[in-house]
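We just call them A, B, C, D, E and F in the order they show up, numbering each chain from 1.
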């Protein structure tokens, strides 16, 4: 327990977390501090490219791992499964319509790449290695949850949509998936040599860029929370904190079953625990227009994201260390 | 200058639906349209603005379409089919255009 | 398609006054509005454009508000109270909207 | 509120011609105009959007000009001289403005 | 005198100054070179974050200085006082309405953070250390001048406004103040360790980013000057050059009284001498809509900023060295 | 032959090329991956500033070269001449109107700065030095081709324009020329010392930024190709591949005649071979509004640019090595 607190404490006073807190605070006191949309998108393009590339270069360095395919399959399975758990949990905890619950469930089955990035940064800061291919697992987990969410909405009569061409494109060719996997492939192909060429762009300034991005996410989350009166009932908030724990537990189980390294297990827990705020919201607007976007987004960005960033990640690290050893 | 009667249709719709809307407009025989960025707004579903946003959800675009009066109905039906389930507003004003052969 | 008479109010105002204007609109019972970015312009106070600008001074936004005709006066009074002292222009056009229940 | 009859001219034209158009408007005695960014569109010359573009070719802007009815003809002639050879559309709608002394 | 010229000369041929000159020249010959608004804002967010963070880390490294509070109080006092001097000087030198003079006075009581950044860069380039907390002093000086300006406008019957909620927010929660102070706090809290983590983002590329930002400021200043026919009378221009000297003199006095280091004294002179071009213009548009924005902005960005950048900073450095000693 | 293939192969698996390929592929499969316009412009401002500055610093380091003026004159001559060759070749290969052929010819007489940057990067990666002033030659070659294109269009009755003020400004004060030459001048004036100050901004992360920019260019090129049905006939495509070879041959001749170093010869070949996609398209829209912009741009960005990037540059390097020696 002391250990968690110490770890969480150390985690909390990092520039990364404090940048998020600064953004959150600025938005809550209604400062006009803001990032232009183009800058926010530019930062996220940089982060996706860098994290994908480094993951691929990592795979190139350590050889193709036999567990790569197994991990991908497990990731897809987790992403398909988690929405059912989330749906049931949310409906148990709060009075939420079927469509809304299905939309939320889609968010929680999918992943938050910036949470993944923050966890990777923390791991590498502590010298704990992780499988490079976890980036590919992250990409693979982005979309399947959308299908489960649609199935839930339709089965319960809440949705009228079939999955049309536009939606399939939204799901499979989503920009963040394509960039993440594409950069992963480039990193893999060009390997250590490629990484050396662009290291001073994608490795060295990485943490600083992440600070700015988290500052922006704090601003967006804060603005969302400010406008969320009436949306976040206690039951809903409880879901936003319990669900990541459930997701992390399933990620832990999968990680152990796959025989991942300690770092890999932590990352899979983080993927299970985190909720999408970029790809899934857009897909849900297309597929389930009647779902209230404020609910999913405020939950994912305003509750679960800060929870994971501050308490979740160190907690998962602790648990994984306790169970998976070192 | 010789002007010609036309309609100016302004559709403000969720950004994620832009492609579906413009596809529908093309299918309805519209000869052109223009898309304006939107930076914020407010409606029954609350207030929003694009500052610092990364995803395409939670943003709108304004699609402007100048069209001959006789083609209006087909356009509106096509647009409505897309807008119906989604957040958005549609307005139509009388206007006059130069170079009618373009519309 | 069944259309309903409405007014399209377009207010081009200094960006620094955006929040005050939209607050006033909300207070005047407006059900929605949309804000478009403006990249430049010219008027009695000279020419300007936003390129390379950092501060919020020296920029404008366009606020578009579709409204039922009977609510127009209240809106205009609210808007005028904000615009009066400031740089900006207000125009009102007749228009028609789908889904009147929204306005 | 006392409103005054006016015209709302909306010119959607290639971004590279913006300066030439606004110069022509100024020469035609226009007292003001506002330029809105355009993010994409479609017409006889195909579909386009500004995403990821660096050059100024292949983009449009929308210039909005509120003007007294009696000045319309001069404006249209000036605008047409610029637009004529170029990609673009011009529309004119009736509108009403506050503070007529500004136009 | 030779010394000034040599120093000014050396200062002039730095990439930073020449980038500004390039922008100015490009705008004056009406090139279409321009920065997108989002990029300009992105650069300024970076600079504010970096300078704030480094200031805070500096405080963490050298311990809480007893003079911190005194310096903050002096800064606020200077910011409140300078507008009165500026108002009187401008009215004496040129035929300017009360409202316009009050608005200009508000700009000159406040500060220009990029002038501050340029001076800091010059100091550190010469190995002259300065108190890290000067960043906090800069932030503290941004807003008080606005109050003096409003008081001047109202007393003289030029303004009708009371300071409403929106204006208070504009003044106190202005994005640049919040970001500067927030980053300062993060730097202070995370200290040397935090700085080490993001050094390759906020320290190493800093000067290069500053070049691009100054290039953009040159473009904006040049465009302003081109459109300023009729606004800049000789008296007004004289004010734009005399006022920074007055501000620097008061800054020098305050710096000596506070017992700041040589670097600290120079920075306080620069704060006194510089005029706002971001926070105050926006506040003045809200509070004094009848003031002509072109006057204040052209003076501050087109006259005083280039003067400080080229001649002012080396001059203040010379003076401070002469008075405060090596 | 083996040599070319090996060189081309090595070239192909670099992060730079693969980033372009990723963008191209993403656009062709209709992913929604995209860069905001402001970010794309910001990246290009960075690249122009950095490449210009480094070129100027290179000149400062190696002294003013006697061949500088001769190279500039040759560059201008090439830029004036190439459109005539391009016009004749295109009319011979495909059924294209006079105006369209003139517009295309203008593009091919001018240069693509990012192709130049990619070639420079490849050269410096192989330790082959090149004259720093080649950057100035690149800038000098941007505009003259526009005049030839206009002359071609007018002589053949296709154009009605005289070269008005706006067009002259478009030609001579185009932002990319001003920035490139301005940064070159700054690099020259501040020399090695200036470079050292901002090296960690303009040198170290350069290749990484180039990757992102090429990713964006791949996206734009792919979108252009997707919409180009009907525009790209076989004859037109053949032109897009033959013309760079002709341009490179003329560049080779000029480079040898000038006595440039091996690197300089390669860069002049690349300048001859590459086609504009930023400055000339805008000028052509102003001057030859009846020309079809899709034709020039798709050819230049969708055919010639990828050809040069993948096959052209290594091929030119091979040829130059074979002829110019070492």
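Going forward, a contact is a pair of C-beta atoms (placed from the backbone, for glycine too) under 8 Å apart; a residue touches a chain by one contact, two chains touch by 3 or more.
By chain, with names taken from UniProt: A, E, F = Membrane protein; B, C, D = Nitrogen regulatory protein P-II.
Being a predicted model, the structure only gives us computed values, none of them experimental.
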Chain labels contacting chain E (Membrane protein) and also chain F (Membrane protein): A
Compared with chain F (Membrane protein), which chain's mean CA position is the farthest off? C
What angle of turn lays chain A (Membrane protein) on top of chain E (Membrane protein) when you fit their CA atoms, given in steps of 5 degrees? 120
For chain A (Membrane protein), which other chain has the most distant CA centre? D
Between chain B and chain E (Membrane protein), the Cα-mean centres are separated in Å by 45
Interchain centroid distance [CA atoms averaged], chain C/chain E (Membrane protein), Å: 34
Between chain B and chain D, what's the gap in Å when you average each chain's C-alpha atoms? 18
Dist(centroid_CA(chain D), centroid_CA(chain E (Membrane protein))) in Å evaluates to 38
Junction residues of chain B, two or more chains touched: 36-37, 47, 49, 56, 93-94
Using the touch definition from the top, which residues of chain E (Membrane protein) touch two or more other chains? 32, 34-39, 41-42, 170, 200, 204-205
Hey, which chains are touching each other here? A-B, A-E, A-F, B-C, B-D, C-D, C-E, D-F, E-F
Under the touch definition given earlier, write down the residues of chain F (Membrane protein) that touch chain A (Membrane protein) in their complex. 13-15, 18-19, 22, 25-26, 29-39, 42, 125, 200, 204-209, 211-212, 215
In the complex with chain B, residue positions of chain D that touch it: 10, 12, 36-44, 47, 49, 60, 62, 73, 76-77, 80, 83, 89-94
Provide the residue numbers of chain D that touch chain F (Membrane protein) in the complex, in ascending order. 14, 16-17, 19-20, 45-47, 49-58, 85-87
Which residues, counting only chain D, touch chain C once they are in their complex? 1, 3, 6, 8, 22, 26, 31-37, 61, 64, 66, 93-99, 102
In the complex formed with chain F (Membrane protein), which residues of chain A (Membrane protein) make contact? 36-39, 41-42, 45-46, 49, 53, 169-170, 173-176, 178-179, 182-183, 185-186, 189-190, 194, 197-198, 200-202, 204-205
